[in-house]
């Protein structure tokens, strides 16, 4: 990874570059060339990992423009999160786009074929948590993971969760999604022996305080092996689960 | 219950009391005589229900004095909550007192014999919740309830809770006590079909915020049949459970 | 309750089932068959207890579908909470439904005849609390409880509350509903000698913080015998009150 | 009140002062001389109103020094609030001081004779609120008010409050002091027709959050005529009550 | 005030009433007859004090109905707060109503002629605080107080406040209204020697948290003589100021 | 600056003014004449510093009126912040106005030519922070500062920030604008050796709590030389940066 | 994993066990035998994974007792977290114990030899975060992970972090530990391409609110691949990192 | 500033360094050599700017060690903040140290002679704020600034502040320090035309919430030109004020 900066230095050594030119190059070169950062674009393209656009506050026009730029640089797999159905329709009128309405995700190019260590289980407490769950699930799928969905198995009806224990127990990573009191994370965390990513959701009313109660509960989980992402952050959970499911030794 | 005020009025009618004297008496008489409140002292004595002293900020001397006054009025069964071991020793040197160190409760007189509808199950998530649980359990026992203690069955080790399900399921009232994320209340609430009183505790650290996280989680319980009392309020839970366990038709 | 699992085991013993088949059955069987949970559906049908659908985020189409499924399984008494007038109209166009607009509750089938220990008093501080109160009252009625409504008796006009003391005092369970400073719960809790369920409401403005102030006040009630449910959770209070009002010894 | 600045101007007019000297004097003169502020010291001395020292973070030495300075300027009536027993003893060793241990107030000079419109009633919910109440009561007395103390009449035992209604109703100003859920302010505010000053206290535990719950409840009081001061601010309540009790027309 | 109950007792004494009838009468009689509460309606009518309706969540139809009922009982002076312009128009179509759009107050009958001790000064920090100020000012006027309005004199432009000091200093009561950091209350409180009622407003953005910051600042005012009402509670401040401005000795 | 009051005094000395007239004049004169405040209007006009109108809650009509008044007093450079596109169009129809839609700022007159010590760098973490950044940048420009904009250089892509370090390092003042976790302020603060003004924005979702998280993070910045203004307060940051960039010795 | 229950069933089939005995056995058998949970003890012993005791509120005597019990069941590798130096000394007097004072961890038995996928980097912002970091690092080491410690590289001195980028970039999992504004997590998360576990610490003062600010900042991290555990929860981070570092396919 | 990296490159060009050696050097060299950061140590020594040690959680031994290391590298001017009197005495026993007890600051070497643009005014609301003020003042002095102290001029006694207006108005930078309601910042900000740094302090009780109320108030200051640092962060304010007071053009 440090080859580019070394190449610059060798060019100086060989007289191809003056010290001044090298200094300029070092500044202009992507930061990662200096040894402290990754070359996002290149590595990703070779690995087929999609680029991600956070669609929340962007207009369809802006998104189309970014898509074009990324494709021009050779990146065809692009994920757009928090994309409304209307915006998706507008974008699809101008360029190829597959839209997943449940997870509010748009995608260009192909989903990466599953090549992770195992399966990712996406588990929700209620049916209202499903949009967040789909954001997580589709994200994970796009990044090359097999996903098993286990929805509406909140702890107030423990038998429903327990009847799916085999799928839960055989997962490599579990994403536990719940609003209200967020107890699902602790129960799943206590049963499972793999990493559990907890996602608090803004589902609930009154003292749920838009997900704060679930967030606090999950932070306090008495089960080991549980960590937490932001309220309603399905994408973040799906992305991190994918990273964990693709763990491998670095040479 | 309205007899005392009626007696005053009859005394006026019969000439025993003047209107002025009656007016005075009505004012001095306990408020409940007027029809809108219970005659605490009398009813309690006849029913053997103990009087309760909140010991937190009282000196041993003050407590001894209150005990004397209550006994003088015929009340022998007295519960003192939040009583430190040292204070209890000082009090015991001057008057009869049984002290329960785990629940920090002192008692004079006899525990009322169990005469409730069924058993009260006191369930805790961890071992650190036990002092609150004992405050609840001993309170319930003093008020004439049979109590079964099921401690350290937090949801992160679900099998421990499930292995006690028979005792839990056969209870009339369940007191679910937990700190940290307070998930126990939801899980127990989902399994049980009796009233569940949830007690958040200040057990935990960091984002437990001295019980606030558990309180919020319990308020948001997705299980029906769960209600919540103040953080660490074992007495309140035990007292309320006893009330529920003594439900009976009013004529 | 443990008969089904015992039956499976006896079938193995008698050779009717192989060990493998039994293992499969044990997994497929409802969790409660294994002894740690209640057989919701069956018990409820025989007891006439209605099933409950939380209508908040469900479309009329989804609700109609769930109604059909439940009825197909023999459940005719179904409660739908948080149901808007428009949604109710759409559902009623397709299937039998009784709608209570004040409490935003829809119901199919008959209200269960009152068979509880006593009456449930539903008390509110103001007129703005009435929708929550009706959610509680209708829920309690549907679950077989007699309900007495005492509305607009907030503590700032104490005489109004006191003039209803006889009804309050003769109740088996009291549901105290208030927003703003939530003081009603403490005053009622101090007067009554039955279980009191406090419901904070989001009524108020400014420092009421959408019910948080009332919730905190109620959690701190200096009166014994008071417990709290979530902000605006009329259903939860009505359901729990019904449970308490149907307390009976378990054999 | 504008006499001093007018005097300076007249001295200029008469030639006694040059414009430059007058400018200097105007700057050195107390700000209030210019017409926009009160001449604290002078008015107070003539009226016998005591000066107040907030003793919390001051050493006995510092307090003795301030006392000397004030006395040297002719002020003999001085109130020291939040004064510990030990500090009071140290001060009393060096100068005349009367100490009120319940309210943690020290005073030099004489209490001003009561000359207000009526009586100030200081009402508390519990016995733990008494130190705050005494701070309020003694402050009010020192500022020339008659005070009636009505302690331990919290709303959970409404009859105790109601049995003191005559004293409460005949007060000119009421100070309602309560921790926990702070409901006393609303109940008193609903009964009384005089200004009510509510003082939340840090009495309580768990969800009382050191007085925050009481403060919020009091801010939301549904009773008109109630305003709130800071948690445990007995002095502020007593001082304000005194001001109100000395209302008179300004010419 | 205790005459009615005494009359009942005398009627019993004289044989006019049986004890049973007296008991009934005592219960039906307004609570205040028993000595612990005021006879709102009667006293108010004789004094010309208006009745108040909180209009926030009421329909124009409901308000018209309440108006009728009150008038039928002889009460002609009625204040309706938090009344939108549209609702006011609808009500005015059916009954006499004067509407003050700035303060969102409707009134029937005449404003009570000023008969207080002095003037009430209503002071605001900014122009956005004026609606709350008008609610306070009109309320105070309706209750028989002379009001002086001093708007947009926030502490960031201190000279504007100081240029109105004479009006401020000559007031009997000051209502200080401010959002954002709420500093106005402290500055006014420091300058004035009369009671100051602080009203935090929801004016501001970001860390103003809808008035919470102003509320906390005002609670912490370092100036003596300041108390606080709820965020945006102009009515409460105006009403309380009126009470203070009508202080008089009770016989 | 103290000349005006001295002039009044000299007029008294010379007999031109009586003491009474002088007293009146002193009161009517702008407060700053007395020596404790600045003569805003005059100084500003001479210096070409624009007057600022906070447009948030003002109608176009009100703004037009204020513009007229200010111009009549000779002030032509006027900034209107938080001005919507529609309001701007309405105002522009009646009077000269330049509108900057990105920063929601309207301006009359000319931008002051840059005359500060150096350049102000406005740096944002994301693209959603740009509206706040433009409010800051345009404000600074209007007050006579050269501004360099460096947008979308959040710390999650550190190389983007580092590739602009030269511009950042050569700035006199840096405005660091970020929502979500607000880490940009600390990173910039650690790199720079000039004053850094941090602006938290309400950009984010879930646990960003409308900017509270960013605000708290920025308050805790481990980097020295960082201070914070209110959430989304681009104007405040731009104004303060301009002040710092115009530091000069006072004689 | 399902062998034990199958064995029970086969024993029934073969007549070794009656149905009743089998029922009893099924109940007594660890819950996980039924297929929905892991057999903690057995699996752990075979794998050499240590058992963990949370030492916070346990007496040395209690800990010694638990150690004995675990060893009796064959478990020799036991970790005790939150163990004070004094308690460790008392325990060491009675049984073999290795104590790590920096991380407040005691251990019996041998650290498991590193057998994970790669290295775990433990990174802290300041020196005050080191105790939490050591808790994480030692935990990870005890669970068979190689750990590299990179301390005191907070973002306010970015060059220190960047000079360690090679170690950071080559890690399999990163634990980012910071108090105050917690920006380290975002910066590390943006640079790294492996899972990042963020640990907020209670380091700081004022608006750090005992770690809340860092927690909120980390929850809002704009970098993907970051998740968060409780404040000061070094153990949880170390344990989870170890789990991720031991990811492998499940057959 | 980019000379060091250029020197490395020239050494490569000239053959003094191989590319590999240069790469190593670039990594080992301080980050700022690469062009994006300042060379702290060197620049500071030449400018006489002291190095700062945050003493809070460091032992005297640790501090002595750091002092030695810094001195060995040629840095003699070192500031130690949050240093207790006891720790200072221990350090002074081993090495030269001047201790300022009021500000809890220790210093080695000489205070830098004042060479800023103007004076820094340090203003406090009360006497309890003085320790924070002294931390700010001494810090500023050590960094070469003239400081004027104006203490105990809170807004509740506005005349005290106004009588010091000349000193305040003539300052280049003002540090406004206040606890409780923090109104001082707004008042000073409104009067001054220079940058104002507001420091909330934890002075107060009850609803001051350890400085949170003051912090929020200051964040909402309606005065332009005010920014805020952390609660009790006197050092940060003094350091930033010094930076602003040393503003100069960068070539």
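Should a chain be cited, it is by its letter among A, B, C, D, E, F, G and H, assigned in written order, with residues numbered from 1 in that chain.
Assume a contact is a pair of C-beta atoms (placed from the backbone, for glycine too) under 8 Å apart; a residue touches a chain by one contact, two chains touch by 3 or more.
Fair warning: this is a prediction, and the values are worked out from it, not measured in the lab.
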Problem set entry | Touching chain B and also chain G, the following chains | A, C
Problem set entry | Repeat of interface D-H, chosen from C-G, D-E or B-G - more than half of residue-number contact pairs shared | B-G
For this session: Quick one: report the Å distance separating chain A from chain B, using the average Cα coordinate of each chain.
Result: 50
Problem set entry | Separation of chain C from chain E, taking each centre as the mean of its C-alpha atoms, in whole Å | 39
Exercise. Hey, how far is the Cα centre of chain D from the one of chain G, in Å?
Worked result: 56
Exercise. Can you list the chain H residues in contact with two or more other chains?
Worked result: 27, 35, 37, 158, 162, 191, 206-208, 212, 215, 219-221, 224, 230-231
For this session: Using the contact rule from the top, write out all pairs of chains that touch.
Result: A-B, A-C, A-F, A-G, A-H, B-C, B-D, B-E, B-G, C-D, C-E, C-G, D-E, D-F, D-H, E-F, E-H, F-G, F-H, G-H
Seminar exercise, completed: In the complex, the residues of chain D that touch chain C are 125-126, 154-158, 180-183, 185-187, 189-191, 204, 206-209, 212-214, 216-224
Seminar exercise, completed: Per the touch rule above, chain H residues touching chain D in the complex are 127-128, 158-160, 162-163, 203, 205-208
Seminar exercise, completed: Per the touch rule above, chain E residues touching chain D in the complex are 1, 35-38, 52, 117-118, 162, 165-166, 169-170, 172, 191, 193-195, 197, 215, 219-221, 224-231, 235-237, 239-240, 243-245, 247-250
Exercise. If you look only at chain H, which of its residues touch chain A in the complex?
Worked result: 2, 5-6, 9-10, 12-13, 15, 18-20, 22-23, 26-27, 34-35
Problem set entry | Partner chain H, residues of chain D touching it in the complex | 27-28, 30-32, 37, 56-58, 200, 202, 210-212, 215, 230-233
